[in-house]
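Each of the next two complexes has subunit A plus one other chain: subunit B in the first, subunit C in the second.
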Partner chain A sequence: MAIESEVLVVGGGLAGLTGALSAARAGADVRLVSYKQSTLRNASGLVDVLGYTPDGDGPLVDPYAAIPDLPERHPYRTVGVDGVREAMALFDDVAPDYRGGHTDANALLPTHGGTIKPTARYPAGASAGLASDDRDVLLVGIAGMVDFDATHAAAHLEAAGVPFDVRGVTIEFPGTLDAKAKVTRYAKLLDTNGKVAVRGRERPARDALAERVNTELAGEGRVGFPAVLGDDDAAGVRAALRERLGADVFEVPMGPPSLPGLRLEDALFAALDEAGASFETGNPVVDYDGDGHIERVYVEKNGAKIPYSADQYVLATGGLVGKGVESDREAVYEPIFDCHVPHAADRYDWFDTEAFGDHAFARFGVSTDDDLRPEDAGGNVEFENLRAAGAVLGGYDFAAEKSGSGVSIATGYAAGRTAAQEAR
Partner chain B sequence: MSDAHSPTDFDPAEPNTGEDFEPVDVFPDSTDFDLRPGADSCYKCSTCDTNCPVAEVDEDFPGPKFQGPEQWRLKQNEDDYTVDDSVMDCSNCMRCDNACPSGVPLSQMHNTARGEYVSEQMSKTSVEYWRNRILANYRTSAWFASKVPRLANVAMNFGPARWLMEKTMGITSEREFPAFATETFREWWETQGAASGSRERARQARKRRGEPADADKKVAYFHGCYSNYNTPEVGKAMVRVFEHFGYEVVVPEQKCSGTPMFANGMLSDARRHAEVNVSSMTDLVDRGYDAIASCTSCSMALRQEYPELFDIEGIDDVAAHTFESVEYLRIHEDVRDELAAADVEGDLAEEFAYHAPCHARNQGLDRQAVELFRDLDGAGIEDVGDSCSGISGTYGWKAEKYEKSMEIGDEMFEHMEHAEGRTGMTECPTCAMQMEHGTGYDIRHPLELLEAAIVE
Partner chain C sequence: MASVPHIAVIGGGSTGTGIARDLAMRGLDVTLVEQGNLTHGTTGRMHGLLHSGGRYAVSDQASATECIEENRVLRDIASHCVEMTGGLFVKRPEDSEEYFQEKLRGCEACDIPAEVVSNSEARAMEPHLAKDVDKAISVPDGAVDPFRLVVANAASAREHGARIETHSTVTDLLVEDGEVVGVEVDHASGSGVRVHGTEGGTEEIRADYVVNATGAWAGRIGDMAGVDIEVRPSKGVMTIMNTRQVDTVINRCRPKGDADIIVPHETTAILGTTDEEVEDPEDYPEEQWEVDMMIDTLSELVPMLADARTIRSFWGVRPLYEPPDVGSTDPTDITRDYFLLDHEERDDLHGMTSIVGGKFTTYRMMGEEISDHVCAQFGIDADCRTAEVPLPGSEDFSVLRDYMDEFGLRSPIGRRSVERLGSRADEVLKTSEPNPTVCECEGVTRAEIQDAIEGSGSDLNAVRIRTRASMGNCQGGFCCHRMASELHGEYDEQTTRAAWDELLQERWKGQRHALWGEQLSQAMLNYALHATTQNRDRDPADGEPVDFAAFDGGSGQAGGPARSGVATDGGDDGGD
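Take a look at the complex of A and B:
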């Protein structure tokens, strides 16, 4: 026996979640297995489709218009412009707290480093921060949260030529919070409007924060905070601050650990649950049975190998960072099914000597047929019931193109939908 | 670039699951413990910190990243560095393990640091040490209490005595001690004919199911302290469900799994108990039995903490053959089909508010009950979210931790009250205590519902 399903998705990031969602919505009995918690909690929460061309042109106004000109092996070319649009429509449906779906055009969002990033979808909490808005901005940093230097970010934004005045201040968070408090501590305190001590008096955290920021506000129409404004009730926290400040409030997306990423993860898992799919995390898929057709895979739990069988499989284990693609001194490989990963024989050709040069490793990943099935070195399909999605795919450089989320969503959607059709 | 060989064959993605993993003994030579490869894998993403239920409510707690790789490095590099006492605030929920994208063995680092702290820095005459030791050795107290269960139930919750326990020992008087059963699970097991009775019933079940009479279906039940002394109905349900599927059950000699001892840094106590457990389980595993636990902290201890902390002969084999009971059935039997054809009546025909224990989460079992029971006629189940219950075994029993424990649990209480059901469900005995304490609901174990659904 084995733990059975029609479609088994391996990987719990954006590609795996989208794949499982699209398969479940197509009526398949779906199970998602992920070694560790979703890496979405390391993601900024911004959902990019395509910000720059592979040649570095951009920021692009319309990512969809640029897709037909991408290299032929780019995953977007495999799924096609319509495939990307359908996938983004699924995303909009399952992530109602996201904005940007009203237009094809990229939005420009300020980052915690003070740069401007082109992105296709952004959390509602970030929407008052749009760089195309001309209201003046006050950025508020919190002492101890060293990842966001508000003054520095403000200066960067000014230098980038934003169409508004921007100023940064750093404040102590009201109360006696330890300087090294965790981001979840701030979020929980604001979520519950817990008490903080201000000059010997207990005050609700939201009020105390607004009162502190009020003394810094000089007529700016909007105020940006690092993204720690609540977890379960982020909208409530923003609304309360907005009311007490008399200014719009937004969150500046942050690096890991990222609350917007956590909130997106929660929303997607909730949607998956609602779609009736099963999922579990905590143990790696390490092996499989089958030759040209995968019979079952094995999940390892402390030495025990537990069989999971399905009709169709989706491989969404991530790229080099996510460990869906691995390398040693001899070769680059995909560790579970040993799918072929094209790469130069000499490892000195895997990278460029310039730090920001054109690195081959950035595009490492499996190559597939038009149906997203991984191919061996001779161009033959490796397993007829395995499709790959997300960063495990090769042929694109998500960091340079700002295309990571979009490729994951588009290929996850296509792989999941086809898998469900095949399994029926 | 250097072509020097990699100094270790440690695989950061699978620190403790590889076949080459060499378990290292903590005691007596704790200096031999080499956790460096794990510490080096930490790239400071802080994901573990976002998962820590203690850090979420307590800004003084520096979080798992500090307790694990940073504290470990400090200990190696600075001769006069002593383990930071904040390690005692870690509740050993082990959520950080599941969070780390690099596979850093965080809970193993916490357990070793805590063990070192308790053995080398904590005063053995302090009230805290003895309080922790008494809490950690719950099995001993439970064994005494089970001899006079009715008296114990009254005495343990007698107001003035509880006040005194809080004042002198720091055991919170806010909580009610769990009731002791008038008949322990093991006593009941003897009345059922023990192993030979089970063999007979299993044989009949196999016949009824049309399976070969000599089918190799046998499990060794690790019931743990709680289902023996406090909730024997869980143990009985486990036996009846397994026999229904044609499994012969044996109940070997066993001690505490060690979970409360790990959490209190009492590693030599834990080791003593582990040796007994591993020894009796090894014999059975050799003879083709798999070990089954109904408490998710017990299965976690046998599967993960033992091989991480102790070098006991046979431990890897036992770990690889240990399963949570319902998980085992999901792997080997078509439970889902059988449940889909079943329905529930009587006092388990309920809507359940289900909470997944942290130690189930780490075994990938957090969704199991919800997914199994959602198609069961007559009962409903709703997941009340992913927050920790906050009690974490002995943590919430400590007077100085009680408030924090309730603050952590608050989210779960709220979700339970918003859920449709007015009966709770969980696999973990102490989570059950906390659920009951925070909401007043009755709490059941998934095995009880499984029994009601499929055992005639």
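Take a look at the complex of A and C:
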């Protein structure tokens, strides 16, 4: 006996979660299985749709307007502009703490390295940091936190020509945190408003932090911190700081481990739970039965292979980073179903000589038909009941285009919805 | 003696800095010029083997004898740069027994401590050796950090009054009346410790004598004065593994051949190498088959290498030289010995000597010999002290104190910092400021980075070679921007950005030869972090002005510009 469902989604990142949500909302009995921590912990938490064209034009003001001109094999062409819009509407619905849905225009957000980047949706916590806002900014760095140097970021933002004055200061976080405390440690302390020792006196962390920043504030209308301002009660932390500083407060998105990325993951799992789907994490899908039609897949648990069967399957295992696409010295492959991954035979053709050159590896992934079903080298559908979504798809360079989240959401949405329809 | 002679040394590798240190310690006035970073050429592109001499014990016993002598000296004067791993010459069943015995006799003849170990003894030392190896010869090979060693030599030279100019390319030799009287250099930017972003310029450095220690580049310097120096550059590939599969240097015990050595080096193991003559020391092919051969051939000795993760590969060029009448056709036949070419004797050109050939392990001995030679030109009778006086960092390294508690560092990081810094640990790590880890793969803290910046200016690649930051598993994916931030403050944003870009590009260069499996995934993650999260590939600071007003100005409900006043209730930001 296999564990049965109508739609089985393999992968728990943005594409898998969106796929499962859209299938569940379309009325299907959905199960999601995922192996490792999702790569959302690596992501900044910003949700990009399209920031630049494949030719490098941009930053684009309107991502939707640029979609019809993308290369034919681009996943956005497969799902179409309307498909992207519908998917983003689903995202807006399940991620109420995100902003940007009021307009088609991209937002420009400061990054922790001091650049700005175009993005379509941003956490509420980042919204006061918009670079098109002309209020002056004070960036606050924390002495032991090497990922965000406020002074450097401020100077870099000025070089990028932002329409406001920006200044950076570095403070020591009140209390005696380890020189290299984890971001979650700061977040927890602020969440609970725990006591910290300041000059021998115990003070609530939020007050102590605000007092330290207050002495640095010189009339700026908003203050940016690294993204450590709480986890469970991020809004409360920001509100408390805002009140005590008399200025708007925002978080600057950071690299891994990224609290905004983890918060988004939590929100989507909560929505999935609410939609009635089941999910389990921590065990890999290692094998399948079927020829042209997937009968069942096998999940490895403590050495045993447990069968899971479904009518329809969604492959959302990620790209090279998430290990949905793997490689060795000779070849690039998709490890679960061995779907075809187009690549040059010579691995020296997989990359460009420049660090930010035109890397073929960045576009590695399965290619699909118009219904997101992976195709073999001859252009034939590999399994009639398997659809692929997100970074496991090939043919686009999400890093250069700033399109990773949008493609995951749009293709996850389309794959999940179609899978649900087929399963009915 | 009327005045102290001024010697210009060309070349900032091990030989050049070794010479500069020696001459400076003898009281001469020295200026060293180097076209790139210290170690920019061959020295920075070797496998880090401190030869016992065993490698040459059959083919080149003169070199072998020098190696074991200098091996002993470096353990003494450069203890913070050396790890005495020991080495094995491993014989597989298909390798010749005759050669094995010859190797053993050769080691004895050259006074290299050598001992035969059985299969089981060898595998007890190195459990990942192939099960079917016959036996091995154990020798005192070691690993040495060429960057640290060269920097220490340069620092010592400077302490003795030398001027060290990096990023200063020699564009001409000044020749007057058949005599070399100096060099013309082009400073890439600024003089003194390299300063990015200030105007560079040409400088004539007049000298009483010039030493050409440019290794594989020696012919180019010779050309500037119309003398012929027939260096025969020979390339070799080295592939870096992400962990140490072995803790002992593993050599294949057979006459010669490519891909026959594994050197454990810091957190990595380095596979080497090939030996192939090239025309141009700067422009030669770097090919896939060379990397594949390293992995395939060396897996015969250590099978797990076949599936292990490599993090990058790099190539170096040996500055091989043989006297004109020998005429070897195979570069592996060319002696590893070094030669002083006195251009007065040889070419009737006064005032310059070139030093060519040789090996990293004997750099100090080469420095001693050429310094003797230079002193002789001026009738100076000053003793060489470089074999006795420890290098900066190694003065008091015999007692490794427990710095971990003292500096509040986590133990592995503290240990590694102290190993890198040696006796300078106190001076560098004693700071009242927070000292977080900047590079997690290699355990490099802010204090070390700041110390390196102080020593090398605004060149993050120079900071890298001094500290090893960005040289671990992630190849800079997580720390390049942090290193840039450490630079900022001392240097302006534009200078910092240029150094940051240079570092990213340099880190990318070697990774290209490791792009499959785990490292390809890592490369994609790095690319995503730099391009997606940071938008460094389309950095608006480098591009056209952005029309900010055209973009989303906020919804007017979530703290955007349309809202005025200060919410006190958490407002619409609520919910997350």
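The rule is short, and it goes like this: the second predicted complex is superposed on the first by the 424 of 424 C-alpha atoms of A that agree within 3 Å, B and C clash if a C-alpha of one lies under 4 Å from a C-alpha of the other, contacts with A are read in each partner's own complex, and residues count from 1 in each chain.
Please note the rule applied: a residue touches a chain if its C-beta (ideal position, glycine included) is under 8 Å from a C-beta of that chain, and two chains touch if they have at least 3 such contacts.
From a predicted model like this one, the values you see are computed outputs, not experimental measurements.
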Partner chain(s) touched by A:256 [first = subunit B, second = subunit C, both, neither]: both
Subunit B versus subunit C as contact partner of A:323, first or second or both or neither: both
First, second, both or neither for A:53, with subunit B first and subunit C second: neither
Touching partner for A:43 - first (subunit B), second (subunit C), both, neither: second
Touching partner for A:185 - first (subunit B), second (subunit C), both, neither: first
Touched subunit A residues, subunit B compared with subunit C: C
Contacts of A:117 with subunit B and subunit C, given as first, second, both or neither: second
Touched partner set for A:359, first subunit B, second subunit C, both or neither: second
Partner chain in contact with A:134 - subunit B first, subunit C second, else both or neither: second
First, second, both or neither for A:309, with subunit B first and subunit C second: neither
Residues of subunit A that lie at the interface with subunit B and also at the interface with subunit C: 42, 180, 256, 323, 329
Touching residues (chain side subunit B, partner subunit A) in the complex: 3, 13-14, 16-17, 19, 45-47, 49-52, 55-57, 59-60, 62-63, 98-101, 103, 303-304, 307, 316, 319-323, 330-334, 361-368, 371, 383, 410-411
Complex interface listing, subunit A residues touching subunit B: 1-3, 33, 35-37, 39, 41-42, 176-178, 180-185, 188, 192, 232, 256-257, 262, 273, 278-284, 286, 299-304, 306-307, 322-323, 329
Residue ranges of subunit A in contact with subunit C within the complex: 42-44, 48, 51-52, 56, 58-59, 61, 96-97, 99-100, 102-103, 105-108, 111-118, 123-125, 127-128, 130-135, 143-147, 149, 151-152, 155-156, 158-163, 172, 179-180, 222, 234-236, 238-239, 242-243, 246-248, 250, 253-256, 263, 267, 319-321, 323, 326-329, 346-348, 350-351, 353-356, 359, 361-362, 398-400, 402, 404
Partner subunit A, residues of subunit C touching it in the complex: 288, 292, 295, 408, 433-438, 446, 478, 481-482, 484-486, 488-489, 492-494, 496-497, 504-505, 507-509, 512, 515-517, 520-521, 523-525, 527-541, 545-555, 558-561, 566-576
